[in-house]
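The structure that follows is given in the form of structure tokens.
Read from first to last, the chains carry the letters A, B and C; within each, the first residue is number 1.
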Amino acid sequence: MRTLPNISFWLLLLVVLGVAAIPVINGDATLRENLFTILMLVTLASSINIIMGYTGYVSFGHIVFFGLGGYFAFYLMQNFGVHVIPAALVGGVGASLVALLLGVPVLRLRGAYFALATIGINEAMRAFMNNFEPFGGALGMFFNFSVYDLYGGAKNAGQLAYYAMIVVTLATIAASFLVKKSKFGLGLLAIREDQDAAQVLGINPARAKVMTYAISAFFPALAGGIYFFKNGIIEPGIAFDLQRSIESLVMVMLGGYGTVTGPIVGALVFDRIRSALITAPPIELGSFSINLSNFHLVVAGVLLLLVVLFVTAGVIGWLRQTFPATRRFLE
Amino acid sequence: MSTATSIILEVENVSKRFGGLLALDKVNLGVKQGEIFGIIGPNGAGKTTLFNVINGVYAPTEGRVKFNGQDVTGLQPFHLCRRGLARTYQVVRPLGELTVRENVTVGACFGRENLPLEEAERVADEVIDFVGLTERKDMLASKLNVAQKKRLEMARALAARPILVLLDEVLAGLNPQEVADMLFVVRKIREQGVTIIMIEHLMHAVMNLSDRVFVLDYGAQIAEGTPKEISNHPRVIEAYLGDPKVAERFLEGAA
Amino acid sequence: MNIESLLGASIDGLMLGFIYGLAAMGLTLIFGVMRVINLAHGPVIMLGMYTVYVLTSQFGWNPYLSIAFAVLLGLVFGVVMYFIAVHKVINAPELTTLLATFSVNLMIVGIATVVFTTTPHTVDVQLPSFRTGVITIQVTRVVSALIAIIVTASLYYFLYRTRIGKSIRAVSNNRNAAELMGINTSAILGLSFGLGTMLAAVSGGLIATLFGFNVLSGGGYETKSFVIVVLGGLGNPTGALFGGIFLGLLEGITTMYLPLGWVPVIEYVIFVIILLVRPSGLLGAR
């Protein structure tokens, strides 16, 4: 039942790797851009799932780690010419440390209070960065193009970013799987079901939750470092975008929290719907022309409400419940 | 009775106050290794509070708790579990979204032996057989009936390989057949060498099973002794006199 | 920094604080009655703003009359929102209702963005300001503060002097017991939710007469409401009122010493710290 790396683990990684490799093989730049975004969303959603799906603590403001990782890495790349890989790793470790420090007091809160606190933390960080001159304040920081010389030009840098993102996404999925199937993950599940009962059974909830939070902070931070490296510009509004944070949450709920494949499915579906809406032609109603590009928020809201009211377990969760045979390979 | 039976649990002058309410009033007791120690008392007497203090859910306002020779006063419950003290709840707390097997594996993983996952699963299977839940191994815990949930609760506690187990009203809500089955399991636990402290309202069960009985009323000790001594004790009869049936049963027990 | 400018900033902040308190009371009322944290609170404030905007700019209504309409709209909206999004999951864990109300947040902001886009809008209110000594007081602020006070007073009267108000208090105390006593708890819950959103909408309308806004403005005021509610104690309306006044004063005074950009930082940090240290609020939860 719970043996580490089994067939579904490798299968999943191979599928993701395979799909991600397509634009590398056929050189389709548009596909590569789309997949870059999707991979990043998968990373964000999977990392929220690590804390939320396994411990039941919903991190509304999880994007704060994306932003922190981005800022730390950007600063190093911009001012010290550090290569993106070590810079992103430093950003990841930095964000994890922040998660460790904040996690100790914040994870003592229960349920809704924790969710609110994470929003407060994200907003506080955004407001702070808005005023923090060494990191560029409200205008943020931007690369002068010589930064890309280290990689042989902007085009190479873009490709490198894509490869790096593939690795990060695979690592996140692997971590999600390992956490879930390990003894550590079993303890988390117990905490999620009944924290007091878990304590009586010998589990130290505080330590387990904080460690999980730190793990879940590492991957979005890596993604942030890579994303803003590719973007060449970082500013507080984009780095600590609460809306993006909630969207990742919707993806997890949609796909199914507590599962490894759920966030992947959720991210994919959500992204496709949003793209469809953004590129859809405007609807003509008499003299009014309604542009659907902003409608994705409404769709996100409706989807979230439907999931919360009717299909709490999300797509994958529903599949696993309705067809128990799928439990074996749809983790 | 062997001469070298050690005292496995000592409660010294423990009081617990909640705001203005004195839930436990200078309770003193000592439980010998290998015995079955019964705790009885009217509703609200403080029995579950006593368990909560022993197993670390509350820290006592005054007094000390010593387990296996070490002072464990105020330690968190998971520390006590790792030292070999397990506990079941009066209102069962199954980990609903997990199967029976997963539930018991949790107990085995984080208990005294701190086993890795695969070994823990093996221990879990053993314990599940021991309590008689083998057929329901893969059922979701939330789908069990009350009697099965109580057994699950016990299995989870036992999987941690405890030295001492606190059973809080394991017989409540069971029909006579289920009670008999559960008592059978309790006796088996004792045969394995595990010390048992049990809170019970079912008089005939606790009187039959216990080596010694401790009586609480309004948070204070009113009597301690063998079941026979207790059933004759005037203060105990007085405390229970509100329920004539119970008083009758006491007198029957004494006869 | 002299005493007069400090006094001026304080009075200004105080008046604004009444409006903040009004909004926060809406949030805390909903939590107090049904233990639901309404994450659509911000967008409803924004709805109030835009109600006033549409009525005044498209239909030429008097701004304060529009606010009266916002009262009605806020109430009806809340009741409808309750029965669509909240009622089914009212007994679920707090996180579920959190997500449910948040989904409505997304929907409102989404529709508003489609209709109004993200351009800023203003409502023109032509009222004078008068000076006493060196202090300038804007009449718009005074009027808004007064309206806020009147609404607050009406709310208290309603809750403590009417039969329905008593039912609301009964339901928030013990829902099952209230049901057993013949109170239609579903209707009361719907009404309470509506009252909460009504207060949010009114405060939005009042703010619209003072400052410019856009479809995303609700978020900032929602956070202020959270800070206030956490300060004053979740479920405690009096606490929300005092918390609002406190925040208004705090804002007014700190803007004299710090650049405007730092005010949100302070607010969010206070919010997080109080959540961590005293989640039941400085004045104690209900």
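The working rule: a contact is a pair of C-beta atoms (placed from the backbone, for glycine too) under 8 Å apart; a residue touches a chain by one contact, two chains touch by 3 or more.
Predicted model only: the values in this text are computed from it and were never measured.
Asker: What is the touch distance from chain B to chain C, in steps?
Answerer: 2
Asker: Could you work out which chain's C-alpha centre is the most distant one from the centre of chain A?
Answerer: The most distant chain relative to chain A turns out to be B.
Asker: A-C versus A-B: which has more C-beta pairs touching?
Answerer: A-C is joined by more C-beta pairs in contact.
Asker: How far is the middle of chain B from the middle of chain C, if each middle is the mean of its Cα atoms, in Å?
Answerer: Centre separation, chain B to chain C: 51 Å.
Asker: Taking the mean of the CA coordinates per chain, how far is chain A from chain B in Å?
Answerer: Averaging C-alpha atoms per chain gives centres 45 Å apart.
Asker: Express in whole angstrom the distance between the two chain centres, defined as the mean CA positions of chain A and chain C.
Answerer: Their C-alpha centroids are separated by 32 Å.
Asker: Would you please write down the residue numbers of chain C that are in contact with two or more other chains?
Answerer: Where chain C is concerned, no single residue meets two or more other chains.
Asker: Which bits of chain B are touching chain A when the two form their complex?
Answerer: 55, 57, 76-78, 81-82, 86-87, 89, 93, 95-98, 101-102, 105-107, 109-112, 114, 116-118, 120-121, 156, 160
Asker: Under the stated contact criterion, what part of chain A meets chain B in this complex?
Answerer: It comes out as residues 1-3, 182-183, 186-187, 189-190, 193-194, 196-205.
Asker: What does chain C use to touch chain A in their complex?
Answerer: My answer: residues 37, 85, 88-89, 93-96, 98-100, 102-111, 113-114, 117, 219, 223, 226, 230, 259, 261-262, 264-265, 268-269, 271-272, 275-276, 279.
Asker: Any idea which chain A residues touch chain C in the complex?
Answerer: Per the touch definition, chain A meets chain C at residues 56, 58, 105-106, 108-109, 111-113, 115-117, 119-121, 123-124, 127-128, 130-131, 138, 242, 246, 249, 253, 290-292, 294-305, 308-309, 312.
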